[in-house]
Amino acid sequence: MSSQNILKWGIRFYITLFFLYLFTPLIIMSAATFNDSRFPTISPWRGTTLKWFEELWNDSGMWQALSNSAIIAAGVLAIAVPIGVACALFLSTYRGGGKNFIYGLMLSPLLTPGVIIGISTLIFWRSMGVSGGIFLTIIAQTTFIAAYVMLMILARMQRFDRTLENAAFSLGATHLQVFRRITLPYLMPAILSAGVIAFLQSFENYNTTLFVKGYDTTLTVYIASKVRTGLTPAVNALGLILIVITVLLAAIYEIKRRHEARAAEQKAALADTAN
Amino acid sequence: MDSSVHLDNVMMQFDNFVAVQKTDLKIESGEFFSFLGPSGCGKTTILNMISGFLDPTEGTVRIGGEDMRRVSANKRPTSMIFQNLALFPLMTVAENIEFGLEVRGIKKAERRKVSDRLLNLVALPECRDKRISDLSGGQKQRIAIARALAVEPRVLLLDEPLSALDLKLRQHMRTELKEIQRKTGITFIYITHDQGEALTMSDRVGVMSAGKLQQVADPVTLYRAPATPFAASFVGENNRIAGKVIAMDGKRTTLDCGVLGQLSGTSVHDLSVGESALLFIRPELLNRRTEMTENCFTAKIQELNFEGAYLMMEATPINTQSTIRAQLLSDVNIGDLATGNQVIFGFDAQDAIIMSGKSDV
Amino acid sequence: MFKQLSDRFGPMVAIGILLLMLLWLVMLVVLPQVLMIDYSLRPNLPPSQIGGPNDNYTLSNYVTLFNNQIHQTIFFKTIWSSVLVTVCTLIVCYPLAYYLAKVATPRQAALCVLLLIIPFWINEILRTFSWFIILSYRGPLNALLLGMGFIDRPIRFLSGDGGVIIGMVYAYILFMVFPLYNAIESLDGNQIKAARNLGSGWIRTHYRIIIPHAKPGIATGCIMVFMLSAGSYAVPALLGSPGSRWFTQIIYNWFFEGGDWNQGAAYAFILLLLCIGFIVLVMRLFKVGLGDIAR
């Protein structure tokens, strides 16, 4: 066997191992849901059951946490997306002094540990008489999620042809009409994906939320607290449901993205042949 | 309706860079006017000042006699065809054409009438509901024209709109543009670096270089009687020979051209004896002579290209480094020409143009 | 600033853009950090004394860390373990990123990327929880090792830092893979061929051609993973034991058990400085700018 072949098989072996490593934990966790054991495990297997789903369904704390998480995620979506879009528009328009500084400032929340964002938000708002809770969680999460949104919108904005705006303007459109009919529709796909990402980021956040949640509990905080106190496979049931939902969402998102990419490619090819 | 465009002492400066020097120009109502020049000469800046995307540093733009100083781009009676066309990719062909009417709040039925009429004008009625990405290059070109015409502009501004097309389509679109201009009677202001486009379509051409309008003339005059050294060398091919004025007789001027000897031509402006001057002679106006007489010099043939009706020749005058291009009719007396041979070239003094200037201009 | 925006979007949208931007940067990004630093420099006083004569700026909250041997140990352990996590993640991810970018066919790469994205979308807490199950005393890993006869009695994986580090490598692996993948992918494949053609061995090709090209990606991945590890609360809380506390847990305790926010703010600021220090160090080391990092 040549060294080339050894290398090839070696790398294949490695990739297989890697994906095993990536998925085994999730599979074990999901499997443990169906084990009729008081403690979430798969060894030993004490018989297959669906009772943990039932227990989860009857857990009022879980429903409360779920509704809190949904409210927070919706709130973050409503604030972080407009901020992210505004900042991307600013960065793609403004030329001049201080731009790099402003850009750095906008990125800083991404390079700040989540706990620190939570702490500083808590301190700042308490000094104004606002204490931890759903509102503060929305604010704290927006701080860094807006930066993610900004980056995603900016990436699309950089491929935007600004003569389209000039063309619309010279055809008599007002600034507002240009913005609503040309710029915003172009950004829409990026705004939608940024919205999905923002929603998920908010939903799964733990480190920041922990400091600003006050007496409210989000779903992630609820799971963490269950793991440490009162752990039953009901947590696995919740985990499994969340995994199924995220995988479905990810799949839809990915399929849609690929579909669009392929359509764009075909169009480009068509336009080439038409020329 | 008056759709003339006046540039009254217009000047444009960015920081320390003067993009357009003080320019005074009147473009007539219904004229096809071209600005011709190399990239960076300021022609696009002029277009942007007319369209309202830029405000001149000094001077005023008037359209139909009205001062445009406080009128923003979306309120001017102009519309523009962009170099990359800038068709809206997320809208259909019809939506593109109707866009200018839509933003003016014109009703759907009205808009439809206009877009149908324009689609017929550009001969693409079947493309009405197509997406922009499904059009060919030439179709896109026509839709861009239709979109610009839909708002019934008094002045249509065209920023090198044909540069993305291949040669054949480009030549076809020249005829079509001229035709549309004739039908609509709108003032066309056309920007190009392609002298062929400028000369074939325009009523008048403004030649620009380094932010300065060098000459404004109809195509024939521009070619026959260029007014500046830049216009002489940029429009069409020209041979340029440097020398010093030694004699003048009315317009007929004689230069001492060093090793090339004394050469005479027609001066386009007043010169004085001893001044540095340039003589321009077009390749097709150089003739082959059998013996050295007046207005002749000898050159060694470097390259010969037979092009059917013509023979293009590159030659180096004896004892110089320069190159002369000559275009000879391919008649019987070219048979003996070969690379390395020496040839005597001559020309009529009234075919050559002399103006002041140094060789490095 | 306003003029450029207003020329493009009109005054109304321009005002909206600037307002949203200022609101975010001032109220959410800058002022909270400033106030946190301010807090960290003041003593912890009962509400009645705030603003009173004892409310002076002091470094005493920072001195605490120097005087507290346990906290110091945890602080340095957090740094060391985060570096370890970063290095492990880099080693685990590099071959995969290289495979995705340069070896795999486009179809294979697309499939792998999709497979990578799925765990990425799943909650960090759940990813950590799954390791909690595997590593628990009566969990499947112990059962497997017992069954195969490698060990006589179960190991307490969750009592030291080992569990935390394993969990972190797992949780943050994708923050390393994607920057690496993007960086290596942008390398012209012919450069690798050229190096091979000139007689360079595989190791030298990686060392001299691919790794230098992937530097911005490596820097980004390392910064993200270190920052996430040092700042993680979830993983040590789930996979750690009382004996293996993380610096973030001490901060949390100052806030919600010790009730000394000023002290907590000082510790938080130290953590922030640590992360900034690491970012600056990595950027110097790899000679990359901020623009290369955020992509």
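We call the chains A, B and C, going by the order they appear; numbering starts again at 1 in every chain.
Just so it is clear, a residue touches a chain if its C-beta (ideal position, glycine included) is under 8 Å from a C-beta of that chain, and two chains touch if they have at least 3 such contacts.
Model, not experiment: these values are computed from the prediction.
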Reference chain B; chain at largest CA-centroid distance: C
Contact-richer chain pair (by C-beta pairs counted) among A-B and A-C: A-C
Central chain (by mean CA position): A
CA centroid of chain B to CA centroid of chain C, Å: 60
Chain centre separation in whole Å, for chain B relative to chain A (CA means): 55
Rounded Å distance, chain A centre to chain C centre (Cα mean): 16
Touching two or more other chains - residue numbers and ranges from chain A: 174
Residues of chain A touching chain C in the complex: 7, 11, 14-15, 18-19, 21-26, 28-29, 32, 39-44, 82-83, 86-87, 89-90, 93-96, 100, 102-117, 119-125, 127, 139, 142-143, 146, 151, 165, 174-176, 178-179, 183, 200, 203-204, 206-207, 210-211, 220, 223-224, 227-228, 235-236, 239, 242-243, 246-247, 249-250, 254, 258
Chain C residues touching chain A - in the complex, by the definition given at the top: 1, 4-6, 8-13, 16-18, 20-21, 23-25, 28-33, 35-36, 39, 92, 95-96, 99, 103, 110, 112, 114-119, 121-127, 129-134, 136, 138-140, 143-144, 170, 173, 202, 223, 227-228, 230-234, 237-238, 248, 251-252, 255, 261, 264-265, 268, 271-272, 275-276, 279, 290-291, 293-295
Chain B contact footprint on chain A (complex, rising order): 161, 163-164, 166-174, 177, 181-182, 185-186, 267-268, 270-271, 274-275
Residue ranges of chain B touching chain A (in the complex, touch as defined): 51-53, 73-76, 78-80, 82-84, 86-90, 99-100, 103-104, 131, 133-137, 139, 147-148, 150-151, 166
